[in-house]
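Okay, so subunit A shows up in both of these, paired with subunit B first and subunit C after.
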Partner chain A sequence: MKIVGIAACTSGIAHTYIAKEKLMKAAKELGHEIHIETQGTIGTEDELTDLDIKNADIVIVAADINVGGKERFAGKKILNIPTNIAIKSPKSIIKKIQADLGL
Partner chain B sequence: MDLSKVIRSETIKLDMEATTKEEVVEELTDLLFQVNAISSRENFLKDVFYRESIGTTGIGNGIAIPHGKSKFVNKTSLAIGRTKADIDWKSLDDQPVRFIILFAVTEEDKNSTHIKILAKVASNLGDDDVCAKLLKAKSPEEILDIFSGR
Partner chain C sequence: MLKKLQLKKHAMTGISYMLPLVVTAGLLIAIGNLSGGSVIKNYKEAYSIADALVSLGVFGMGLIVPVIAGAISYSIADRPGIAPGLMMGLIANAIGAGFLGGMLGGYIVGYFVQYLKNNLKVPVWAQGLMPMMILPLISTMIVGLLMFYVIGTPIVWLTATLTEVLKGLQGGSRFIFGLGMGAMAAFDFGGPVNKVASLFADGLLVEGIYGPEAVKILASMVPPFGVALSWIIARKKYSKEEAENIKIAFPMGVAMITEGVIPIAARDPIRVIAACSIGAAIGGGFSMLWNVGSPVPSGGMFIVPAMENPIGFLAALSIGTVITAAILVLTKKPAADDSFFDEEDESVDLSELNITDQIR
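Right, the complex of A and B next:
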C-alpha cells in the first residue's frame, strides 16, 4: 500500500525525526511505499507532493501538536496518533492499517 | 554530518555514576556547564525537567533523549552519557535506560545548521541497529563515528 504522513512533536527537535525514521523503516520492511513530511523547529522538510497524497491509501499524522496543511488530505483516510505511538510500535500500526483497509 | 559543531569529546561520558534520572540529567548538565554551553546550571535544569513533565523522553532500546530549549543555553550542544546502572526512565518500551543524549538548544536557533544536525542525530536513533551499537561503544570517538555513519 501507499502511505503518506506528517511527523511533528512539541519542541520540534527530536521526537519528530525519530517517529519519521521508525515509520519509514517499518513500512519499507513490510513492503509498502511511504513518504513522511516533518514539521519541526527548522520548518517543513520532505514536503508531500500533490501526487504523493493523491496516490496514498492512508495518511498517518503522527503529531503532538496541530500540524499545518491538513486541508491537503480532504477525502483521505487519516490516522491520527501521538509521536510516541509511532516510535513505540510502528510495525503494529502499519499492520493494523493494512488489515483495516484490506490491502 | 559535522557533529563537531554540536558535540565535543569533553561532553561524552561513558562511565556515569548516576543511578537515577535526576542524577543523570544533572551529571550531563555539569558537562555542558564546564564547556560553557549553558549559562546557568540551575535554570537549564528547570527547563529540562519541565520538558520531562510533558511526556517521556525514554524512546525505547535503552535510550533517552532529555532536551531543553532554553534561554540559558549559550550554544546549541549535546552531552552524551552511558550509565553503569540501569536507570528507570518510564520509557515507551518499559525497559530501563543506559544511554542518554541531552539536547541543549538555544531559543534563537531556528533554521540553523545546528538544529539540522540534531535532527539527523534524532533520525539515527530511529534505527534499532544504531541504538544497539551505541549501547556497546567503547570510546567517545566510536560514538561520534556511529553518528557519522562510519
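Right, the complex of A and C next:
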C-alpha cells in the first residue's frame, strides 16, 4: 500500500513531528511505502510531490488544526485523524485502512 | 451540528498562529522592563533601546486579538476569511471586548464568509471579484457593524456594572475588596475584566491609594506561578506541549505578564480560570488585609522592593500561588499523551474513523 499524509499540531513544534515519526515507523514495519509532510510552525517540510500523491492509495491527515494545500488531494481517499490518535495507535490505523480499502 | 462546526479545531488553528506572537511580545516587554525601559509616549523625543523594546512588545500585544480572530476566520473560510477576521479583532480591541470578543468575532465572520461562499450566486463576469472584494467587503461590513453595535453593547454594559460593583465593594472590609479585585484581575488573563480592575487600580493610584495596585500586580503573577507550581508537583497532569508553554509562561509571570497562561487556559478553561481566580482572590484579600501597596503600576518581581510592606506582598503572592496550584493538582485530569515512543499501540476506539473522498 502507498500512503501519503500530513502532520500538523497546535504548537507546531512537537506533536507534528512525533505523529510523523510514529506513522512512518509503523508503516515501514508493516511493509508499506509512506511519505508524510509536516506543517509545523517553522513551515512546510518534506513537501509531498505530485507523483507521491498521484500514486497514493490513501491520504492520512493527522492534524489538530486546519492544514494547507488540501486541494491537492481532490479525488483521493482521505482519513482525517487528530495527532494524538496517530501517536497512540499508528499500527492499528494503518491496519484499519488496509482492511477498509481491501488492499 | 456542533461537531460539524469544528469549533475546537478552529480555536486550535487560531492559537497556533497566535503563539509565536504572544511569546515574542511578552519576552520583548520583559527584556525591556528589565533593562529599565517603558512605553514610548512621544516619538519626537529621544528614547532608549529599552524603551523601544517595550514599545515593540506592546505593539505585539495589540496584535494578539486581531491575529487570533483572523486565524480562526481563516481556518473556517480559508483566504477570504483573513481580512474580515483581522478587522473583527481590531474592533474587539477598540470596544474593549478583548480576547474572548476577538474569538467570537473571528467565529462569526468566518462562518458568515463560508456561508456567503456557498450560497451567494453571482454572474460569471463577477466571479473573479468574489474572493477579492465581494466576500470580504460584505462580511466585514455586516459582521463589523454587528460587533460595534450589538456584541459591543453587553460588554460595555458589563464593564460599567462591574465598575459600579467595585466602587460599592470599597466601603466593605479590605479583605473582601481584595478578594473581588484579585478574582477580577486574574479572571481573563489580561482581557476586559482584568482591564476594568486594572483601570480602577490605576485611577486610585492617582488618588494616592496604593493597595489595589498591589492586588492587580499579584493577580497577574498568581496564574503563571500557580500553573508552574502545579506542573512541578504533578507533571503527569500536563502534556509535553503544555509543559513547553508553562516554561515560557513562568518567566513572563516574573515580569507580571499573565498572558502566557492563555494557551493552558484555552485547553481547559473552567478548571484553569477557576483555580487562577480563586488563588488570586485569596492572595489579593491578604494583600489588602496586610496593607500592602504599590506606587508602581507594573513591573512584577522587579518593583517589589519599591512596595509598601514588600514582605506582606511576597507572603500573599505565595499563598495565592499555592492555592491555585493546589486546586489545579486536585482537579486537573492527567494528560493523555505523555507516552510517546512505546512500541505497542494503545487501544483506541477507531470505529468512528471513516475514510472519505471529501476534502474538508
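Heads up, the rule we're going with is that the second predicted complex is superposed on the first by the 103 of 103 C-alpha atoms of A that agree within 3 Å, B and C clash if a C-alpha of one lies under 4 Å from a C-alpha of the other, contacts with A are read in each partner's own complex, and residues count from 1 in each chain.
Methods note: a residue touches a chain if its C-beta (ideal position, glycine included) is under 8 Å from a C-beta of that chain, and two chains touch if they have at least 3 such contacts.
Only a predicted model underlies this, so the values are computations on that prediction, with no experimental measurement involved.
Participant: Consider subunit A as the common anchor and indicate whether subunit B and subunit C clash or fit when overlaid.
Facilitator: Aligned through their shared chain, the two binders clash on subunit A.
Participant: Once chain A of both complexes is superposed, is A:K96 in touch with subunit B (first), subunit C (second), both, or neither?
Facilitator: second
Participant: Determine, under the contact definition given at the top, whether A:N84 touches first (subunit B), second (subunit C), both, or neither.
Facilitator: both
Participant: Please name the chain, subunit B or subunit C, that touches the greater number of residues in subunit A.
Facilitator: C
Participant: Name the contact category of A:K70: first (subunit B only), second (subunit C only), both, or neither.
Facilitator: After superposition on chain A, A:K70 lies in contact with subunit C alone.
Participant: With the two structures laid over each other on chain A, which partner does A:G43 touch: subunit B (first), subunit C (second), both, or neither?
Facilitator: first
Participant: Which holds for A:S11: it touches subunit B only (first), subunit C only (second), both, or neither?
Facilitator: In the superposed model, A:S11 contacts both subunit B and subunit C.
Participant: Where does A:I53 make contact in the superposed view: on subunit B (first), on subunit C (second), on both, or on neither?
Facilitator: In the superposed model, A:I53 contacts neither subunit B nor subunit C.
Participant: In the superposed model, only one of 7-15, 241-249 or 295-303 in subunit C has C-alpha atoms clashing with subunit B. Which one?
Facilitator: Only 241-249 shows clashing C-alpha atoms.
Participant: Same subunit A residues contacting subunit B and subunit C, which ones?
Facilitator: On subunit A, the overlap between the subunit B and subunit C contacts is residues 10-11, 13-15, 18, 21-22, 41, 64, 84, 87-88.
Participant: If we count contacts the way the header does, which residues on subunit A are in touch with subunit B in the complex?
Facilitator: Against subunit B, the touching part of subunit A is residues 10-11, 13-22, 24-25, 38, 40-43, 64, 84, 87-88.
Participant: Residues of subunit B touching subunit A in their complex?
Facilitator: Those residues of subunit B that touch subunit A are 51, 54-57, 59-60, 65, 67, 69, 92-93, 103, 105, 109-112, 115-116, 118-120, 122-127.
Participant: Spell out the residues on subunit A that touch subunit C in their complex, using ranges where they run on.
Facilitator: 9-15, 18, 21-22, 41, 58, 64-66, 70-71, 73-81, 84-85, 87-93, 96-97, 100-101
Participant: Using the touch definition up top, name the residues of subunit C that touch subunit A in the complex.
Facilitator: Its residues touching subunit A are 9-10, 12-13, 15-16, 19-20, 74-75, 240-241, 244-245, 336-337, 340-341, 345-348, 350, 353-360.
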